[in-house]
Amino acid sequence: MSVLLDVQNVTKRFGGVVANEEVSLTVKRGEIAGLIGPNGSGKTTLFGSIAGAHAVDGGDILFEGRSIRHLRSAPIARRGLLRTYQQTRIYDDMTCTENMAISAREAQGGLLSLLRPVPRATNARAGDLLGFVGLYEKRDDRAGSLSFGQQKLLEFAMALMNEPKLLLLDEPTAGINPTLINGLIDRLRRANTELGVTLLVIEHNMRVIMNLAHRITCLAHGRVLAEGVPEEVRNDKRVLDAYLGVA
Amino acid sequence: MSRISDWYIMGAIALAGLAGPLLLPGLATQIAFLWLMVVFALTWDMLGGRMGYNSFGNIVFFGIGCYAAAVVQRDAGLPYFEALALGLLAGAVCAVLAAVVFGAAMLGIRGHYFAIGTLGLGIAAGEVAAGWDYVGAGSGMALPLYPGELGQRELFFCYSLFALAAICFLCCRAVYATRFGLALNAIRDDHDKADAMGLRTTPIKIFAWALSAFFLALSGGLAANMIGFIDPRDVAFAGATFGVWMVLMAILGGKGTLWGPVLGAFVFHVTQELFWTWLLGWQRVALGLLIVIIVVFFPQGIMGWLAERRARAEAGT
Amino acid sequence: MLDNLSLFVQYPPLAFDVVLNGLLIGAIFALAAYGMALVWGVLNIVNVVQGELVVLGGYVTFVAVQWGMPPLLGLPLSAAAMFCVGWLIYRAVIFRVVDRDIFISILATFGLSILIQQLANALFGSDVRTVDADLGSVHLFDGMVTLAGIKLLAFALALGAGGALWFFLRKARLGQAIRATAQDPRAARILGIDTDRVFAMTYALNAALCGAAGSLAVMAWTIHPYLGLPYTVRSFMVVVVAGVGNVAGVIAAGLGLGALENVAGFVFGVEFQIAFVFALMVIILVWRNAMATRKRSHLE
């Protein structure tokens, strides 16, 4: 498998606080990679650095072999790298279908291509994907009126609508009804296998991530603590210590 | 509003717009101002309501339209209607260029910084015009006299502004039905998310401002000719009247809806025509009070209020 | 324009005069800006009616002097009167918009600004007003540089008031409550601080600062009903440059703005001075945005 995302020694400081220090990790094409670590270990900051939300202070980020370190979020998204947010972000005052339609890949085009109605095929695909996450019944509802968990699913569907090569998911199961988590894991897997989307997932729920990910990286205090297949990471004493607060 | 009733309303308004000035020739000027208000509210709402960029400076484009027409009509040496057409064209071109330049510089600014920044832009433009001798400085500019017979002038501008308002409305209606309309809403609801989803937000925002500048400049050229005289601070760059009314009408009718700004313009203008004269010297005091009351107690506007009522009725049954 | 510029080079004392007078006026801007920073930081609203509070403060002194009061007593009177006006405005309007969308508070205070501007116009007329504080002038360099005594006093008082406020926010109990509320209103409420009262006091205090600034403005300079918005924009500019919650920065930026504006008024001509103020603000906002987005990062 070829390397899709290559994060090389990325350092990010906020004022005097070092959020990420010399973090390196790779994501291979077609896999589901996990990113874990205690609260405040710099996972979301790393997502921000990769997806272009803020400048990084050192290191480089390669996507498909090309540096995206100096790109902003929009051109990065157009190259096929998307992220979702921990505090779900959707377009509140638009319907679910509209949220989906404006997330389609062709909406990233220039002005002239935007000055046309939404193609029938796009709406059909939006309906399919809303069905995929179980929101088809809600397709004409205002997105802001959905529950938190439903908004999270909508955001996931919007990302899929964009047909990304790599999708960064920030805690996809947080705030989701526990009885629905297994269904969600199944959908993440199907997105990976059937739709061919490579995933990098931040997750706090150990059961979920051990089940889902092919490989896991663990951050602590802004540094990479351990990485490997789930069993290795689970049995790594340093990871346990980090979570229990010994390190 | 369903599609069918949409067409009925548009037909009724078109009929009223065509027949009104003929039936009530004495009110032609007031009706012309009504169409001007409709253009104001619709163009403001394109940014404020649809895109979430609350501009206090859209009056700049109206003023550019006024002055471009006045200068061309003064200097071109053409007969009245040719000069007017050329002046309108010049105004539209200048305003669109200005919107592109200001937009590239200012549409990256968010939230209240944008609101206050555009407020500054509007006032700076008025002050510059008031100090610039080429455009008559503080004493303003007079426009050439309309060549037709007595009474024809009012009808001409009434129908021109009606046509402009109708085209502006249909243009908004068409544009909002495209992906571009959705993109505007996406920028309003969560700009960072729209960026993160790869939308080309900068050209989208600039185009929206340029489109509203285009219609505002045309309305400026026509209004300047209708009024016959432009004062830099009280007509062309009249931030304290026209500039504020734009915002107020759109909010009163309902921000971000198709019919809201039209409705707001109707209600505001009719109220103003009926009651303003009674207030003698206190109109502007009343305007300030009206802004505070509408913004504080009625920010959802008429359309928003209707939608709430309908939702409540549905929940009740 | 270039002629005026070359005058500066040929007669350094003239340049000195223009800059120094600008700095002194700038102290008044700093005072109003400090109030705006306070309200912005604590209530999280941009108070567009700020300039009208300044102008109204000026009219209080003007009217008091017409009734035979010594001009300098107008200063505490203006501050006290505007404190009450500020309290009333908060109770009538501001408290309803405090935690709503920022555009609502901007538009509401903008409406208030039109209201007060037009009321002032109706009550006091549109004439330019000034009050002679009768403090004489100081002449330097054989009379080439003239500094009115009231401007020097205004400068000292503005700095003094800024200092007093700084001390108040740090040492007094209410000042500490204000700072706590500014940092986290919810936490302050949990700790038993009556945030509504803190908001009201902050807003009234801001109005008092504006009143003092207006009183100094009518003595050192002039006022008329339509000068409000320029003061609002000056305050806004100063706060944007200095940052909310930076007393020394606000004073420095206020003085700098005063000097810059006076020089610009001299170079471009007085008729363009207001245009300069507003254009400068636009330029500052554009520049600030360009700097912040230069390296990928976005502003809040």
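For clarity, chains are labelled A, B and C in written order, and residue numbers in each chain start from 1.
In this text, a residue touches a chain if its C-beta (ideal position, glycine included) is under 8 Å from a C-beta of that chain, and two chains touch if they have at least 3 such contacts.
The shown structure was predicted, so the numbers you read here are calculated from the model rather than taken from an experiment.
With centres defined by CA atoms alone, the chain at the far end from subunit A is C.
With centres taken as mean C-alpha coordinates, the chain found closest to the middle of all protein C-alpha atoms is B.
Here the spacing of subunit A and subunit B, counted between their Cα centres, is 42 Å.
Centres computed as Cα averages put subunit B at a distance of 32 Å from subunit C.
One finds 47 Å separating the Cα centroids of subunit A and subunit C.
Shown for subunit C are the residues in touch with two or more other chains, namely 298. Taken residue by residue, subunit A touches two or more other chains at 52-53, 72, whereas all remaining positions touch fewer.
Across the assembly, subunit B contributes residues 192, 195 that each touch 2 or more other chains. Residue ranges on subunit C touching subunit B, taken from their complex, read 46, 48, 93, 96-97, 100-104, 106-108, 110-119, 121-122, 229, 233, 236, 240, 269, 271-272, 274-275, 278-279, 281-282, 285-286, 289-290, 293, 298-300.
Those residues of subunit A that touch subunit B in the shared complex are 51-53, 72-78, 82-83, 85, 89-94, 98, 101-103, 106-111, 113-118, 158, 162. If you check the complex, the residues on subunit B that touch subunit A are 175, 177-180, 182-183, 185-186, 188-190, 192-201, 203-204, 207, 256. Interface residues of subunit B facing subunit C in the complex, by the touch rule stated above, are 54, 56, 105-106, 108-113, 115-117, 119-121, 123-124, 127-128, 130-131, 137-138, 192, 195, 240, 244, 247, 251, 281-282, 284-285, 287-292, 295-296, 299.
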